[in-house]
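Please find the structures below.
Two complexes are shown next, each including subunit A; its partner changes from subunit B in the first to subunit C in the second.
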Partner chain A sequence: MLNLLKTSSLLIRNEVNLINSQIGALFHTSTVVDAKNSNAGHSNKPKRFLRQNKKIFEPQLPDETPRPAFVCHQKENIRYSPKKMWYIAAFVRGMTVDEAVKQLSFQLKKGAAAVKETLLEAQEIAVKQHNVEFKSNLWISESFVGKGVVFKGIRRHAKGRMGRVEYKHCHYFVKLEEGTPPEHYYLPYPKTPEQQLDDWMSQMRKRKITNSL
Partner chain B sequence: MNRVINEISIVLRQFEQLIPVIFGRHPFPPEPLAVLATQSNAFDTQNNLKQSFSLKDLIGDGFLFAVPVFRRTLEVRKTRKIGIPYRGGPEGLKTLRVKYNIKVCDTCGHYYEKVCLCPNCYQRVREETKEIQDKIMQKLKIDPVEKDVIVLYDGEKKQDSEFWNGRRIIEMEKPRPQWFSKNLMQKSTQPNAESKEVEVVGPTIQVKPSDLG
Partner chain C sequence: MSKLALSFSNGIKFLQIPNYSFLSVTPIVLPTLQCRHRINNRHWDPKWKKLRGQKFIKMEIPNLHEDLNELSPEERRSKMKKRGIAPPRPYMERPFYISSTGGIFEPYVPPEGDGKVSSVKGVIKEKAEFVEKKGKSWTAIRKIRSYDEDFESKEFAEQAQDIYIKAHEALVEKNKHKLRELVTERAYPEMMHNIKNKTLRWKFVKSLEPPKIIHARCTEMITKENVFGQITVRFHTQQTLAVYDRFGRLMHGSEIIAKDVLEYVVFEKHLANLYGVWKLHDKIIPDWMEKREPRALTYVVEEEIAPEKKEEVQEKKVEVAVTQ
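Entry: the complex of A and B
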């Protein structure tokens, strides 16, 4: 309703062409407005996630468990809705890279192709720059989506009404870690009867009569 | 500006009649309608149409219909996003599902779904078929099909015309592909017997191992 008010008031107030240069460009095929050449030349890409790659850790003590190698990679401004991309990002969490790539090849989703590409790129970077020995020994420890640039446009409806069209983009972030993936990515996970018994026993043993010895 | 106002006034007069049609889906209160039909301030014959008119005058109390009143809780939002297992069938869960029917092709080593053919192998067959079809078009054009077409590759002997029984021959200027055995072109069906008498069937065409691709 509010949209209707806005657009109709615009119509009445201004007989002149409402369509701004961006949308005009969309209708005319001569100049393509895409996520790369918008925002007056300077990049609107997220940078914080990739800074993790540059972090240098202290040398570890010989008795410490070795810290697994990791690589952070991202793909910006994929022409896909973030809401829809979430399903693919969530699907791939906790899988090995090979398994993820194999499964994504058979998922009939537009974003699946972009995610698969990102994973393969990340795998390559891990081997070349992050001292990963075997490219198959990687699993997806983090996989999430961010909102990218949104271009707005207008479309016609019946009876002279106008609607807003949003050309949404998303960023896809992935962090690969060396090693085998954990049994369960999320908590709480379904426990076996033995595990449940152990938990119960430890709970029972923690009990104390207050102010007793 | 005036032109726009005049146009709108015409449209609005028609709009009066069309209101039940337009807002047919929503339970539209009678009051605004009655106001519009009887009083019709906006369309007074004595006054000209007001310079400023608002959508609120037009639609009245129905202006903010279908607007959310309460914030959706996190539980509701999560349920909408993820779904509920087995509600309304196995498609109750909206998350993507892992496919367990992916196999490795024996011939080419690519992945394929058990339900389908290996896309890599099939692509290879399609390319070869296209070449054969192009050759057939080149040589035989679009003559009516009366006899079978025999495809011969490099180094395959042309036998005497009696053997071919009037079938048309296409010669490909390339060696026979490894995977395309002659055995494939043998017919699996037989024509119906002409007489009911049991005939002593002569020796059938034996395909010797040397003739196999």
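Entry: the complex of A and C
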């Protein structure tokens, strides 16, 4: 082998490849990811939200109720206005994933497609990486929008004036939690008829009749 | 109808529903869509729309989700040329690790049923024969001793167990730097595989039988002086293992129940290297070992590539062959 290697400069390319393959069989070889290529260009993507996925919780005792799993996922720089996206993000809150996907496929809004895609991706990540057993046993516990890159353009106005046009992008963030969704998502929860009656009764009894005993 | 006419003539501005007799023609009720129509506020002549559009100065918004890898090479080239980016340097080099080998040489074949208690004495004798003063293993040990004068096979078994325990403790701690010192480059990815996001609880309880060397080999790599030594050690121990997921829920094993573990662990040393140390290299898994328990969770088996596609690929190849 040494002789072969020493004379490698004389060998034609095919033979060098042959030797390489032979060495590969003997030694432990692995591909080294090129640092320059992997970090090509700096990214201005939001990072903080996905950091939640890295938190590792303390092991639980057998008698404790198991913690529900959760996954955070995001989609950056969707070519859509964050203001318009808010409607879709808020619409989806507190739904199960299946229900949200079903509803979103009938939403006639551009952002709905991006949100649906994000939800399905998050669901897959939950099952593959975060030990979630059933993929439909997930609900949307957080869903919100961030402002992405804004490109500025110009438009003409009358009398030689001009205006600025903003071509906006948005980020969409979603957190899926394992389990069934709560009955009401927003606080304060709506009062039951009994509670309403009680409130009314107490209000009535509290009344003060002026100049009375 | 007469009433309606009257009401108009009186100047009253509301409609009265006329009474239809049986003979009169009833009006056809057309089904009407119940929806709100947008009031068209735009000019009827479409030329203004175009002119309104011209008020905006056209600019190209870059596609932020563009993946250059998906484009064809020509398109990629033209795009990069347009933006003035130099093409990436093609890396033709292939990295080699010369400080460890890529496998086990002449691996030890464990006898079937080793580690199980048997009433027949003869069977026990056949099992796991330890290295004696003969055979290939003995010559290999002598060669190891020629490089490492302090090598003692009895002491080494203890030392190997120490390395084994330390390596596993480093793994539990997820101490990468410490693990790299105890484990060869080949074993490192195998040990680190699948422990991301998990909490491990591992304990070495005791060894049921003292660790023993059962196999040794020396191999040369490229040159004659470049020698690697490999020693297989048999461990019969008791251990506990519990694996928790990211949320602290038990995935596998138990922290209380100790299990008997029989292992054939291969240790390697780069003998030619003056500063070489014994490192955990591999584990021999015999063919007769029982299959592992499947994981407790329900999971979807990923679909394999459909046989139709494979056939298509084959057909294509055949076509190429014919055309050539």
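In this text, the second predicted complex is superposed on the first by the 153 of 213 C-alpha atoms of A that agree within 3 Å, B and C clash if a C-alpha of one lies under 4 Å from a C-alpha of the other, contacts with A are read in each partner's own complex, and residues count from 1 in each chain.
In this section, a contact is a pair of C-beta atoms (placed from the backbone, for glycine too) under 8 Å apart; a residue touches a chain by one contact, two chains touch by 3 or more.
Since this is a predicted model, take the numbers as computed values, not measurements.
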item: First (subunit B), second (subunit C), both or neither touched by A:Lys159; value: first
item: Which superposed partner A:Ser105 touches (first subunit B, second subunit C, both, neither); value: first
item: Contacts of A:Met85 with subunit B and subunit C, given as first, second, both or neither; value: neither
item: Dominant contact partner of subunit A by residue count, subunit C or subunit B; value: C
item: Partner chain(s) touched by A:Ile140 [first = subunit B, second = subunit C, both, neither]; value: neither
item: Subunit B versus subunit C as contact partner of A:Val174, first or second or both or neither; value: neither
item: Touched partner set for A:Ala114, first subunit B, second subunit C, both or neither; value: neither
item: Where subunit A meets both subunit C and subunit B, residue numbers; value: 1, 5
item: Contacting residues of subunit A [partner subunit C, same complex]; value: 1-2, 5, 20, 23-32, 34, 37, 54-60, 62, 66-70, 76-77, 79, 127, 129-131, 133-134, 149, 151, 153-157, 165, 167, 169
item: Sites on subunit C touched by subunit A in the complex; value: 55-57, 59, 61-62, 64-65, 88, 91, 94-98, 100-102, 184-186, 189, 197-199, 201, 221-223, 242, 244-251, 297-300
item: Residue numbers on subunit B that touch subunit A, as the complex places them; value: 1, 3-4, 8, 11, 22, 53, 55, 63-67, 81, 94-96, 98-99, 102, 111, 113
item: Partner subunit B, residues of subunit A touching it in the complex; value: 1, 4-5, 8-9, 12, 15, 86-88, 90-91, 102-103, 105-107, 109, 159-160
